[in-house]
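Quick one: structure below, then a few questions.
A, B, C, D, E and F label the chains in the order they appear, each numbered from 1.
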Amino acid sequence: MTSSNGGLPLLTPMSEVAGRLAPQVGAHALEKAAGGRGVLLGGVPGAPAADVVIIGGGVSGANAATVALGMGAQVTILDRSLDVLRRLDVQFEGRVRTIFSTRAAITDLIRKADLVIGAVLVPGAAAPKLITRDMLRTMKQGSVIVDIAIDQGGCTETSKPTTHSHPTYVVDGVVHYCVANMPGAVARTSTFALNNATLPFTLALANKGWRKALSEDVHLRAGLNVCEGKLTCEPVAIAHGLPFVPAEKLLAS
Amino acid sequence: MTSSNGGLPLLTPMSEVAGRLAPQVGAHALEKAAGGRGVLLGGVPGAPAADVVIIGGGVSGANAATVALGMGAQVTILDRSLDVLRRLDVQFEGRVRTIFSTRAAITDLIRKADLVIGAVLVPGAAAPKLITRDMLRTMKQGSVIVDIAIDQGGCTETSKPTTHSHPTYVVDGVVHYCVANMPGAVARTSTFALNNATLPFTLALANKGWRKALSEDVHLRAGLNVCEGKLTCEPVAIAHGLPFVPAEKLLAS
Amino acid sequence: MTSSNGGLPLLTPMSEVAGRLAPQVGAHALEKAAGGRGVLLGGVPGAPAADVVIIGGGVSGANAATVALGMGAQVTILDRSLDVLRRLDVQFEGRVRTIFSTRAAITDLIRKADLVIGAVLVPGAAAPKLITRDMLRTMKQGSVIVDIAIDQGGCTETSKPTTHSHPTYVVDGVVHYCVANMPGAVARTSTFALNNATLPFTLALANKGWRKALSEDVHLRAGLNVCEGKLTCEPVAIAHGLPFVPAEKLLAS
Amino acid sequence: MTSSNGGLPLLTPMSEVAGRLAPQVGAHALEKAAGGRGVLLGGVPGAPAADVVIIGGGVSGANAATVALGMGAQVTILDRSLDVLRRLDVQFEGRVRTIFSTRAAITDLIRKADLVIGAVLVPGAAAPKLITRDMLRTMKQGSVIVDIAIDQGGCTETSKPTTHSHPTYVVDGVVHYCVANMPGAVARTSTFALNNATLPFTLALANKGWRKALSEDVHLRAGLNVCEGKLTCEPVAIAHGLPFVPAEKLLAS
Amino acid sequence: MTSSNGGLPLLTPMSEVAGRLAPQVGAHALEKAAGGRGVLLGGVPGAPAADVVIIGGGVSGANAATVALGMGAQVTILDRSLDVLRRLDVQFEGRVRTIFSTRAAITDLIRKADLVIGAVLVPGAAAPKLITRDMLRTMKQGSVIVDIAIDQGGCTETSKPTTHSHPTYVVDGVVHYCVANMPGAVARTSTFALNNATLPFTLALANKGWRKALSEDVHLRAGLNVCEGKLTCEPVAIAHGLPFVPAEKLLAS
Amino acid sequence: MTSSNGGLPLLTPMSEVAGRLAPQVGAHALEKAAGGRGVLLGGVPGAPAADVVIIGGGVSGANAATVALGMGAQVTILDRSLDVLRRLDVQFEGRVRTIFSTRAAITDLIRKADLVIGAVLVPGAAAPKLITRDMLRTMKQGSVIVDIAIDQGGCTETSKPTTHSHPTYVVDGVVHYCVANMPGAVARTSTFALNNATLPFTLALANKGWRKALSEDVHLRAGLNVCEGKLTCEPVAIAHGLPFVPAEKLLAS
């Protein structure tokens, strides 16, 4: 499993939470009362398990696969990196299908899927629209899409942000779960997870004082936007036509 | 795993469905928006998994344990049969805690539990009230009870039947999920599962005709209540003070 | 796993050998040079695994599934007993699809299969013809059928016995492997396996003498056909219109 | 598992295919009709499994071990890197024996082996001759060597390339499988696997045109041998005493 | 795993404890300071694991195998029942070698073993002497025998009971661990385990009174030796030439 | 698993041995006769397993967890690196609890532990005193601490080095195992393990001669302390006020 999340390590725990939550909310959305096709992820002996397709094998996707497999589903992961697929093949001991991601492969797989989990996160960029409206129409009635990438625009043409109180809506018979802040559903777990990631930085600030802590740690320093009345965040300075001073220079003075 | 459900083999698939569904609905009830304590069953690396206690290691309980483990929870199963616990220890390769069920053990374990699954089914009898109101008060705020035994009265003093549209209610801060017909949530899977169990009987009726089929199969015959205007179900006949004729006699004539 | 083979426990080791051998010979037949479609059972990361369908979940079928899974295939087992499917679901921890066997299910599944293993053994009866010529025509070009049941006539309409030197032939583009004595391929393993099953009987004969050994063991006695010039096998006696003497009577004298 | 293959990532899928195929062709060669000792890789309960020794724990070796284990064999892997052995110990959860590779260890292990898989690939160099003729003579009659390294000369003194139509020959009673193009046996799977690895390069050429694509990607550029009538491959130029022009220079003009 | 222990179900927990304890005490005896050959059961990557041979695949043997495997050893189990070996093969998913037990097999296997666990328990009979003095002499210096069967005389010719304070002695260079009451080493666990097995009987006596409880339960009744001044245990009565009264008769009066 | 041990790769095998040995010696110390609380690591069905807490998830800690899990214990690992915890979560497929290490977490967990394994190794520095005397007093009577870090001072305030002949002592009712040279207990395995790591260097010295070997390998050269009467180890030279000559200079001359 990739342990970091592009260049945003503090967000890795949130990707883990969202990934593990995705099959759970997807399974719920597949229940009849939630508008789904009434399919149990794991089936029972003699009756088939659900077909879960996960697009993207990064932190979220790998965690989603772990839970979907654990609930008994037939799981397929698509990714454009063979090295990622190899790592997942070893991690899951061959129990997930790993498929090289192409438009043709996605088109083919979502048609038979009961649950599609969109886990394509491109750090700092809008998620690519991998499922178009036309492709959506080929999906089974009552199937479900969980779009983890919704915070970055979603990876489905028909995705739009929803809330924990009204988490789903239906387009062309397909239930969409697009809650923008998924980890909020399990706030207690998310809080502990986030604290674990941020604690070393908090301790550094508390023990060394902010100036020393920022001087010694490039990651903390990169988070400094305004200091002693001066802008230390270059993009903001440029955007507003204001003067910019590098954090290093201010801290050294 | 016990493959039959006491003397009611046609109901085994429904126990399997309910058992596998229990951690799923329990996990959903643990979400903040559903009134739960906001805990993710599997936690994430560095943040603890939820504590799931399953009372009863029969068909429902074993299936519930499979899914709860798969979702990453810490699972404890209680049962009063050591042979059942041994079978589960082998089946789960030591990954569930198997505890001999006593009132003391239940009292101790539910206090720390995030999710309690009541899976104590006594065929043809009311479920024993294993969790009293007093014990409920010791449970954690926002913890969840899924009472699979609700069709037989429930194994919790505070259980009362609910529906898929309003599945939960809260007593003493503990969320109760007591849907009377759990398999209805996944109607498609349940239908296939039930068909598999009943198909041999349906085929016998279709191929042989009802009279021959019932003559040759004691189980089918036991399902005959009224035949040619006569009562063939003794308990009903007695209850209503009506004459009773054994099915065997009628079929032979 | 069922440990015995109907009423023929001495043949169980041969069913185990044939079952474990089936995916191996099937994988070989799938190679291009053998006429198959050139598919690797386990695929590789990014390229899909083969689809293996096993008809029958008894001794042979369960052993075939173990090896097919181990080689990385996607495995589906069909059986008409839900209890058998439940046992397999536990044994393989949900990693095989267990499907209730109906004509419709078989028809549907073999169409997509790369390898079909016929493991339907009805002790003392001809194997049912589960795959008809019409169904064969729907299968993929270069797919393979391994018919373990060939000793009892085979479970495919187009099956006819072959030998280790010419193990396969092609009908409608489908490679048929129908070697009548499969365990002979691994003679060394089969010999040890058979010896293990027969050794207790051999020892009884050697230690007690034949008369005492047969007197004390109903299974050995049932194998006595002719004794002191008299026929002790009733079906043979009847078939040839000869006098019959029960073995018990002869041995007692 | 190492995800790349030295400096030749496009060949990694072929190493994966050859590795997974090795136990399959080895098991086939162990069959009596193929000249082997008649041993089933997995044995059966009560009769021992075959002893498989894999020399080299890289991409091919690790994939070979996965399938050999899955077929039920007792698997030993030798490698000269402790870090490789540690990774394999974790990957296979202790189910393979990992042995530090020395001449003494190889000599000792192949004597008892039923199947030896030579998976020692040194990128761009001849495979070392790890099994000499003298060592071969100590092996069991009917045992099998599958030499994956045959494309680089083979790792056995007695190896010489064979074809899919005549894949094996016998020296000193030991069956040698030395097919030069193993992945051709499963052409369909190999084609998909190779396409997955090359597709990004093909798309770059198609979308950007060859000049832009080669300019932007050092790996593509390294594949350019002749361009606009000039040699851009230095070793070839030197070998033939012809003038050489760096690809960078030609592309920039 | 067999869940009962012949006809003595109350002793099953003690067989479980002794079985799980055997690899632990055996591993300790293999340490240099304890006289063993200084071998770590699981080895480490690159250095071989220890060879553990378990004679007997019943309750003790299966539990011993579970822990020995878990500690990383190479485990072989011998038993004379193929059905037992099949069950173990499924339970351990092929990770233990299952060998049909013959004198030849035992002789061969103990010669290479680092640790031999004697787990041959014949209810109500002396354990067979499976390892003779002559066989002992072929074992490796510093290897270890743990004789679980010591309470019934031991399954080794050289076994004699020892205590927890002096648990081992050496014969012919082989360390013998023959503590007569193994479960006493883990008294806390053993007490809980035994209580679980006896609690239903204790509750019956407490709730119903001894007379009613013994009348209703043949197992409790079988434990009654003296009642109202009369002997109700026939073997004791016979042995001492005293009058015997069946428990049933006394209880009925 | 981290494959190296900070900057000391030759010591990695010793960390592996000590880690795998830790649960074994801890389980022994938990036996009644050794002063422990009489708990079996794995418990038995119906009676709870022991609670094992491992502080530190590096080489030793990960190996300790493998064996503790294998013996059936409930295992918790603490570490201050989320990436380490993620890797362990994948490696153990969720079967260990991974907890972010803080003083609060350690304090809370050791109170309930049966066995604590201190595996916090900071290369080249004294181990931090993670368990104070005050914390020790909260632990259970008869619980056990195995301090793998004792060679670097130990990670417990009350740790002091012991020997294989007297491995344990008791403070505040807690058994301490602090043997300074743990791998010596399994000298045979440790010797092979160490040889594997050092062999490449030994071969280089033997094949190339010392001067050439040291010239070509910075790691060998770093081990040179005195050469041709001159000190080549700077810290020693400084400590004794003696002249220092860099090894590179001497070797080049």
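Heads up, the rule we're going with is that contacts are C-beta pairs under 8 Å (C-beta built on N, C-alpha and C of every residue); 3 or more make two chains touch, one makes a residue touch a chain.
What you see is a predicted model, and the numbers here were worked out from it, not measured in a lab.
In terms of the stated touch criterion, the partners common to chain D and chain F are A, E, listed by label. Between chain C and chain F, the least number of touch steps comes to 2. Distances between chain centres, each the mean of the C-alpha atoms, put B farthest from chain D.
Where chain C touches chain D, the two copies mostly use the same residue numbers: shared numbers make up over half of all numbers in play. Averaging C-alpha coordinates per chain places the centre of chain C 37 Å away from that of chain E.
Per-chain Cα centroids separate chain A from chain E by 52 Å. In chain E, the residues that touch at least two other chains are 13, 42, 45-48, 66, 72, 82, 86, 94, 100, 192, 196.
Contact topology of the protein chains: irregular, matching none of line, ring, star or complete.
In summary, the structure contains touching chain pairs A-B, A-C, A-D, A-F, B-C, B-E, B-F, C-D, C-E, D-E, D-F, E-F. The residues of chain A lying in touch with chain D in their complex are 80, 82-83, 86-87, 90, 94, 100, 102.
Chain C makes touch with chain D in their complex at residues 13, 16-17, 20-21, 24-25, 27-28, 30-33, 37-48, 63, 66-67, 69-72, 164-165, 167, 184-190, 192-193, 196. For chain C in complex with chain E, the touching residues are 1, 3-4, 12-13, 66, 91, 192, 196-197, 199-200.
Within the complex, the chain E residues that touch chain D are 42, 45-49, 72, 74, 82, 85-86, 88-89, 94-95, 97-100.
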